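Structures incoming, each one as structure tokens.
What follows is chain A paired twice: with chain B in the first complex and chain C in the second.
So, the complex of A and B:
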């Protein structure tokens, strides 16, 4: 039997949908369809697309590689100041990205706390490099992995781990064969969110890594720069960003997160 | 509930009036000026002087990139006066929604800045071509970046210098910030920027025969609500009081001599 939803909920839901969808549709209405192909196949656009894909993929891998162990520690280990640590590691979500960039400069810039040492001892410079763009994207997107993974780990019944231990499984084996598979939906959801955040990243990247074609200029940065000279071209490029992210999100959702969604 | 809300609003209003308003001489006219961000320091001062000389007038500034400001004026039409860092942005506003009393009021030129310790030993424009010098300039489409590229092209060293460019920045302030923090070895900005940065940068002059001149136009927007006060403001900026402030901030006189 079909039950009717309260009308107020429907109205609010419609309004909520409109808030998100209308600006994107308005953007689509202003796309210069006639010269879309020229804009998207231009040298700047293809270089920016390549940098964007490289940077967001690398940032997602790093976020999972470092964020999932951290989430595990936060979910399972008992230590003083854990809630403070938890608050600190998700800080990048609320920090204005430009400030995040300034923080990265203070730490890893050529004259930063660690960056100065890296430069002197190893001759490694992160600013103005693709590696720097990856660091910036990882900084802003890893908290999304941590939040999702920690929620996943906390939602697991510890008795599964206890049972595995009783049956003689080592902690490492339990983690690999019991915990990670069971938390997989949340881990994947966290990774997808992190990737989407990394793809759209702007403020921390331009502040820390700068803006150079083929090296640190991602699609977001190119869009920002194009708005100065060619607003229509910038809108076409944003459309590319929208299409790429929708394609990836829908594909992943169908393949991985059917159970969640 | 309603009463307590209105009381709250009343209290806030009272507090605002107490802290900001001067009850006897509350401004009756507000002049809205859209100005290029490179003018921020000079125009803040000019605005204060103008208010002091014209009781009852309050000047509100909206500083930003000239291109962005031109787009805002076309779509929102809330500006009385537009002061642009380049003629192109003014041309756009002249087409839509239109301007009157357009005149040039200042010039600017380019200069090289380095961190105070000048780690890459940049002492001349030609030094920017040496390998390993990390340079930041304005992006294409940003006036300060376009002027820099034009100058380098005229000198025939654009290829060598652009190879050393590590970042194309969205505005002149970002170029200055990179150099002040020592992330880049050198940057090309306006003389007025270097002036504002003071001792936090070292300045390497570019000879006048090589340098380019950026002309700053000002005009009354067609959408102006306060055309009379706007005209007075334009005359003030072009007059001795305005010019003295601009000169003190490193700007040159307008091409017609002011």
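So, the complex of A and C:
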């Protein structure tokens, strides 16, 4: 017979579960099913959905393109201050998003460190542009790719790379044919998590790129805006984001969330 | 010499200082205990480890400054290290593809190599589904696929089932004999070394303590380690059919009777090597009666006594080294100069026949 757990632990566990589950269930309970389709296909919603998809897709591609090489350097190169670099590049995970937005303004805003120069030389302004929203989403989601990819690279037996080198493969060929295929599950997991994070991005985006319909207004921003004028519409849009999140969870169930097959 | 190497590596208190010269078509076995520096030497040759000094010349080209991929070396490791997420054929084609050969040519040549070295393996199989012996076969094919000038094998049989070992050992021997260049086999198994290599290089604590043919090392072991290591009896000669199921191995130092190997045509076969464990030999004070086919008379030349067992060297024809208990030494009053009889069963002799994969070894 199984030993019974202490009642106090069970009660706390139940409460813990409720904290997470109730808001999501409440959302489903309050969905205005009758006008769901109208809300989701309305002009503002479809524009926000388009911006969300564009921004999150572009941010994911950028995160993988820049984050995977960085993870490779962190996993394999020996240099002083490596742990400091690792701490710095994953900082956005714990940084309040609004602070991230302020930081991006300081760097890339019209009067920012690099932004001023970009404006003068190329006439490029990232603030209040879709590109700016992409930069903000990349900033917060790339660390997830870096963490997952570095864990993947570290998990590889370095003797595979040694064998490949002795067999005549250049470091680049080894990376392409041996290392990346072997680390693929972690890279995919990192990319999916990064995409989910980019899709939900709010604080850094609204601070740095603003809330312009059709350009920087993502679904998350639209939900926040709708809440003040049309709470039912906000709930309908929220449901859409919940569905997307659950899909991500199910996709990753076996390789990332549970940690075991 | 196609390979001339002087390797110096310092690791804390340990110093590895090894000079190696290996001829074309020559196979040397680098023998030593764990920690003697065998694998370090191999890693330096392959370019995976930077030496603290010395040089490596392959075909009169200095290669010690080159990265591994430019050295022209083939490597097969104990754990095969076949790439996952690639089929067996893609693994074998890898060295050719890495050098930029077209995919079709590389795949064709990989298929040929696999047919020769691993005929039982499906080229489209996932390497993870192969047995240890099959993995080594594929690993050997992959090492050869890049047309290397130097072949390095690190304990290729260590991770292989005992049942798959004889056939693989025979394959290794034939492959290395056919390989057109120097090859180095790292092992701690004397049987493997003596049956595959032309020359043994014994490594102790980072230094070469003896080098010579298996027979030379066996007849004149330079150190205690060498004596322990090659305590195995080795015979080389022509195998001739005797009565049904049996053969006579005629060596330059005397004849022995052996069981005829399965699958070998019942005909005179030259170039046969045979080994016999010293513990398989019984030593008697009087001429033994009963079934043993091999009975020899000789004088004790040397007794090396351990705590519970002793090795006795006899000047029989052929010469034998027997391992017996200390109790037997006392009971038979065995000492240098005493005449004794030695016997062993024909089936205890393990044969290595060139080109015959069903060796009894």
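Here, the second predicted complex is superposed on the first by the 223 of 261 C-alpha atoms of A that agree within 3 Å, B and C clash if a C-alpha of one lies under 4 Å from a C-alpha of the other, contacts with A are read in each partner's own complex, and residues count from 1 in each chain.
FYI, a contact is a pair of C-beta atoms (placed from the backbone, for glycine too) under 8 Å apart; a residue touches a chain by one contact, two chains touch by 3 or more.
Just so we're clear, the structure is a prediction, and the values are computed from it rather than from any experiment.
Trainee: Look at where chain B and chain C land on chain A after superposing the complexes, then choose clash or fit.
Mentor: Pair status: fit.
Trainee: If you stack the two complexes on chain A, which partner ends up touching A:206: first (chain B), second (chain C), both, or neither?
Mentor: The first partner, chain B, only.
Trainee: Based on the superposed arrangement, let me know which partner A:110 touches: chain B (first), chain C (second), both, or neither?
Mentor: A:110 sits against chain B, while chain C stays out of touch.
Trainee: Look at A:168 in the shared chain and tell me whether it touches chain B only, chain C only, both, or neither; answer first, second, both or neither.
Mentor: second
Trainee: Minimum CA distance, chain B versus chain C, superposed model, integer angstrom?
Mentor: 49
Trainee: List the residues on chain A that touch chain B in their complex, please.
Mentor: Its residues touching chain B are 105, 109-111, 127-128, 206, 210-213, 216-217, 224-226, 228-231.
Trainee: Which part of chain C faces chain A closely enough to touch in the complex?
Mentor: So the residues of chain C in touch with chain A come to 46-48, 67-69, 71, 73-75, 77, 79, 81, 83-86, 94-95, 97-99, 142-143, 145-146, 152.
Trainee: Under the touch definition given earlier, write down the residues of chain A that touch chain C in their complex.
Mentor: Per the stated touch rule, the residues are 157, 159-160, 162-170, 173, 177-178, 181-182, 184.
Trainee: Across the complex, what residues on chain B touch chain A?
Mentor: Per the touch definition, chain B meets chain A at residues 65, 67-68, 71, 134, 136, 139-142, 165-170, 178, 181-183.
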